[in-house]
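Mind having a look at this structure? Questions to follow.
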Amino acid sequence: MNDESTPLNVFEYEELARQKLSPETWAYIAAGAEDEVTLARNRSSFERLVLRPNLLVDVERIDTSTTLLGQSVAAPILIAPMGQHAFACPDAEVATAAAASAASTIFVASLSSSRSIEEITAAAAGPVWFQMYLFFRDRGRSEVMIQRAQAAGCRAIVLTVDSPRWGRKERNMRTEDDLPWHIGNLAALPPGCYQYRDGAPATWADVEWLRTLTGLPLVIKGILTAEDAALAANHGAQAIVVSNHGGRQLDGAVASIDALAEVVAAVDGRCEVYLDGGIRRGTDVLKSLALGARAVLVGRPILWGLAVNGSQGAAEVLRLLQEELACAMALSGRPTIRSIDRKLVR
Amino acid sequence: MNDESTPLNVFEYEELARQKLSPETWAYIAAGAEDEVTLARNRSSFERLVLRPNLLVDVERIDTSTTLLGQSVAAPILIAPMGQHAFACPDAEVATAAAASAASTIFVASLSSSRSIEEITAAAAGPVWFQMYLFFRDRGRSEVMIQRAQAAGCRAIVLTVDSPRWGRKERNMRTEDDLPWHIGNLAALPPGCYQYRDGAPATWADVEWLRTLTGLPLVIKGILTAEDAALAANHGAQAIVVSNHGGRQLDGAVASIDALAEVVAAVDGRCEVYLDGGIRRGTDVLKSLALGARAVLVGRPILWGLAVNGSQGAAEVLRLLQEELACAMALSGRPTIRSIDRKLVR
Amino acid sequence: MNDESTPLNVFEYEELARQKLSPETWAYIAAGAEDEVTLARNRSSFERLVLRPNLLVDVERIDTSTTLLGQSVAAPILIAPMGQHAFACPDAEVATAAAASAASTIFVASLSSSRSIEEITAAAAGPVWFQMYLFFRDRGRSEVMIQRAQAAGCRAIVLTVDSPRWGRKERNMRTEDDLPWHIGNLAALPPGCYQYRDGAPATWADVEWLRTLTGLPLVIKGILTAEDAALAANHGAQAIVVSNHGGRQLDGAVASIDALAEVVAAVDGRCEVYLDGGIRRGTDVLKSLALGARAVLVGRPILWGLAVNGSQGAAEVLRLLQEELACAMALSGRPTIRSIDRKLVR
Amino acid sequence: MNDESTPLNVFEYEELARQKLSPETWAYIAAGAEDEVTLARNRSSFERLVLRPNLLVDVERIDTSTTLLGQSVAAPILIAPMGQHAFACPDAEVATAAAASAASTIFVASLSSSRSIEEITAAAAGPVWFQMYLFFRDRGRSEVMIQRAQAAGCRAIVLTVDSPRWGRKERNMRTEDDLPWHIGNLAALPPGCYQYRDGAPATWADVEWLRTLTGLPLVIKGILTAEDAALAANHGAQAIVVSNHGGRQLDGAVASIDALAEVVAAVDGRCEVYLDGGIRRGTDVLKSLALGARAVLVGRPILWGLAVNGSQGAAEVLRLLQEELACAMALSGRPTIRSIDRKLVR
């Protein structure tokens, strides 16, 4: 049953993808900012957490399903927004959308996708959320983009707020210009229409303005402190993603899993709280949920899956993580998402 | 006196066994779940503990003997239940039983042994305990198995509760099907009679039912938290084994030695408390006893001994550990098991 | 834009300099005292600090400028006093002075410079501070030296107090005599006029005396404890440099970043507090400022810049650090130096 | 001044000695018990301690001299008792005694020396202390040995109490029988007169008895806990050596430097407290004194010095450590032994 060629886990997908992709593409995907301290910390902080399983609980039926902003998913494992899936496989986000659907989960499609949001939603059977950067010179462009996403059927807007400047991804700096960037959503726009080659700044005032544009739920991504989490709730965010952008922005920033508890305490149930950064195992999902996250997002592993085996590879990565989560829930005596509590982690 | 070819310690047995066994068999024995974080933690947590020896105590006579559930042993070092000793040596559990007898200690024979419990008890001069999984489709099969064990002279039932699913031992997943599995206790049963290829689930209700089947003392193995320990005592367990199944079940679970103190506090003398996971030195036994264990169980080292030199090798592993324990007791001013107290460890 | 040959960060300058310099010169620059424990700790302590960025702040305009002793600088990153820049490039401190001016920052010129203070100030467009050792046999020599520095236009005196003996830089001990030492400021003096080949002792009484010699502000460099910081403030120091001399004096001494908080608390605003030791990234500057430093000084990286590309190299090192600092300020929601507060670090 | 061939520090002596000695001899000297966890911890615990130097103190004259049991030494660095110096150099303890005299310090000569105590004291210009094991079958032999030591001019008796059994030095176990053991003090005795090939047990009652035999001050060596330290003081010990026997007895035992503070607190000035285990640098001595030791003993480094250059090598090792201590005292603002206080270490 375990064919030599089938990866057993996400790390094996990573290794296969590294072999398959060009060094330039690999560097783009793998890079963290500067010394990659935060990138490494995202993993080491998960490994330091200790699980306290409970036994002799009835775990014959494990139910990983949950709802996020009222939308059902098979498991609390979403696809994180990332640009340029075409670097990993030709079908790009169309393949990813199919994978998300196969796994009955949500695809958070990036503004910087290779394909347009209309192509992506057309390929998706399940919910798609749209990730925005406010980097247009002309505010009207942002408004149009939100309207396109809404018209295409996106069910939430995810505003990434950790990138007022792009982080210095040095592993990638000497070769990034060799990559065939193509942003589907901007293809029809005149060149130079986005203001910041160097980042996507936004302020709380922009958040207020954004909320006037759409009735879609607003998710704020990139929060790492209690104080910002409270502000996000106060400004009407329905969800927060605790994230350091996969270690690609401020190097030295706190690991997302280490920031989670203070964020959860600060919002005190007023928002849903998600997390990304370093999720590679079902037990990472379990630890995140135990510390108060309602869901996690996975990024690079999806690109690894795409690189290794296209849409099917990405779906298989999601399936592996869902299966590992179910196994970890069974082994720790937590048969449902709701039963995963703070006492599970020390 | 120290012949080049005689292993000086358990780690040398490990190295010799690694050389002697096929890679597939080695992987089966050595594997931990997933990233083997818990497997490694079982060792590193022992190494971090610091001993505070007392000197100028009379240690001329060191007495390592103790009783477990009223049964006398030469030292509080038992043989942990493990399946398929035939992978390590042809005489399988018959050899192990003889080794336990030579070392005047208890052999906890696994339901998944290569040989039947009747063959094992016939080969043992000392007490044998029987380890159960509740994985039969038909409850009657479990009942019969308990009756067989009791009839064969087993003196306690050890119920393993940490395996509602089998952990993902990835080191072993690609080659496990090549191993010549043969479960002596199930040889006469029709194929498919056990319900769960994927695990052995049980609940507290099953524990209650199990207690109605036999007057033998019940040991619950796989407990890692104070709350489950209290429940075990409340459900009539006479002993608990603090265990993470040698790191083979939930990866990321607490090291057994790190869970010990809270379990001991929770049962507050109502049960005996044992520990397995990472015992490789007499000082590991000493540390476990100082933190409140009444005994420890050793697993893989016994298979290493069997692989290197059959029954005699397993007996020698036990002798080495007993000798190291005696030496450590002398060097720390604890001449008897009873004298080993909490102040010895910081 | 990222030419293969342009270093992306200070560590790449280090590697290029290592290739370019002779092993003897490299050893002189790189060496720490004895086992280089403090040298390593200067870095590892920065890496352990965790940043808590705030988002959605207006960071469109980042202002890194500040004032030090009332003197304006483009960024709170100064050039630390070091002897013998001629080891790194022929133009020596004349090149460094130009680099400081290009970067609009302060150059702290060492008494042990290759060039005289008069040559250095002549080459500098911006402020120069003069670093003193009290190592002359004849106190009058120190007085003359201070007068020369003042006459040359230096705007502060920095007294290094951590070198009553020179630390044992063993990496350098077998080859130091092969280096072409030439101290510009002492060139005209009779040989043997400085008392201590083995160090530059000074006491609080010397500090008092030094203050009678000049109206220039006095900076005391080498303080590592709250108690000495309070004494420095009591003795009229206008600023303190928390420093362990780049790990070149007392091995085992506290990392400067680990000593910073207690020094800041002890002076309670009576002095400005600076820090050197291990600054290699803009985020190191940010962490230092968050913990209460008003500025940092960089040492070895300047010599690496000089070695790689003379004055331009040193200026580029400063520019890189300033750019990284600005980026880190933007990414952490601190648009001005004044906005960098204690809550940014945990 | 730094000839290529002159070792700069104790670690360079170690490396030279390793090259010069046979593998069997090296193993004997280097070995720690079992996994050598305590051996490694003796060093790592020193490296973790952080020094807080005070500056601007008058350190022109550094005085490392002190008194131990009323006896003057040039520095608080003694030679620890070790058996069989002949393994390192032909003149054995006669060479060591000369080295101690050259360094104006105390030589603690072992009962297990290659040479007799009479030969050793004859070779020593300064004080010699005599280290005892109570391992004779016949108590009278111990009495005679004490009388011989006293008659030979020894000025204190050091009773080693951590060896009721010899630790398992596995690195050495396969080759120890090849070493040319010769115990000078026992040469004239009938074979078999010492009771314990396997150790030297003693009890508090033996301490009482020992005190009746001699008016010499009694030093108890091998104490690692507050409770034993208090007992030692109560039983009339004039000094305690906090020691784990260089990591050669109970593996896993606390590092001596980590046990020091509790011992110092427990004796509360009633005994002098010394320390051995891991001293390789002047800063190690400084840290020990800051934490309350009155002196330290060095062991293996003396054998390295003997191996490299006989008596002169051992003297040079002592001189290096004294010089490093003086330098560290100057750099931390502690000009006298008395001025070294608890605040120096954090």
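As written, the chains take the letters A, B, C and D, and residue 1 is the first residue of each chain.
The definition used in the following text is that a contact is a pair of C-beta atoms (placed from the backbone, for glycine too) under 8 Å apart; a residue touches a chain by one contact, two chains touch by 3 or more.
None of the values given here were measured: they were computed from a predicted structure.
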List every chain that touches both chain B and chain D.
none
Would the interface of chain C with chain D count as same or different, where same needs over half of all numbers used to appear in both copies?
different
Chain whose Cα centroid lies at the greatest distance from that of chain C
B
Where the CA atoms of chain A average out and where those of chain D average out, how many Å apart are those spots?
60
Length of the line joining the C-alpha centres of chain A and chain C, rounded to whole Å
42
Which chain C residues reach two or more other chains?
none
State which pairs of chains touch, listing all of them.
A-B, A-C, B-D, C-D
Tell me, which parts of chain D touch chain C in their complex?
1-2, 4, 8-9, 11, 47, 49-60, 281, 283, 287, 324, 327-328, 330-332, 343, 346
Inside the complex, what are the residues of chain D that reach chain B?
34-35, 37, 41, 161-165, 167-168, 170, 173-174, 177, 199, 201-204, 206-207, 220, 222-225, 227-228, 231, 249-255, 258-259
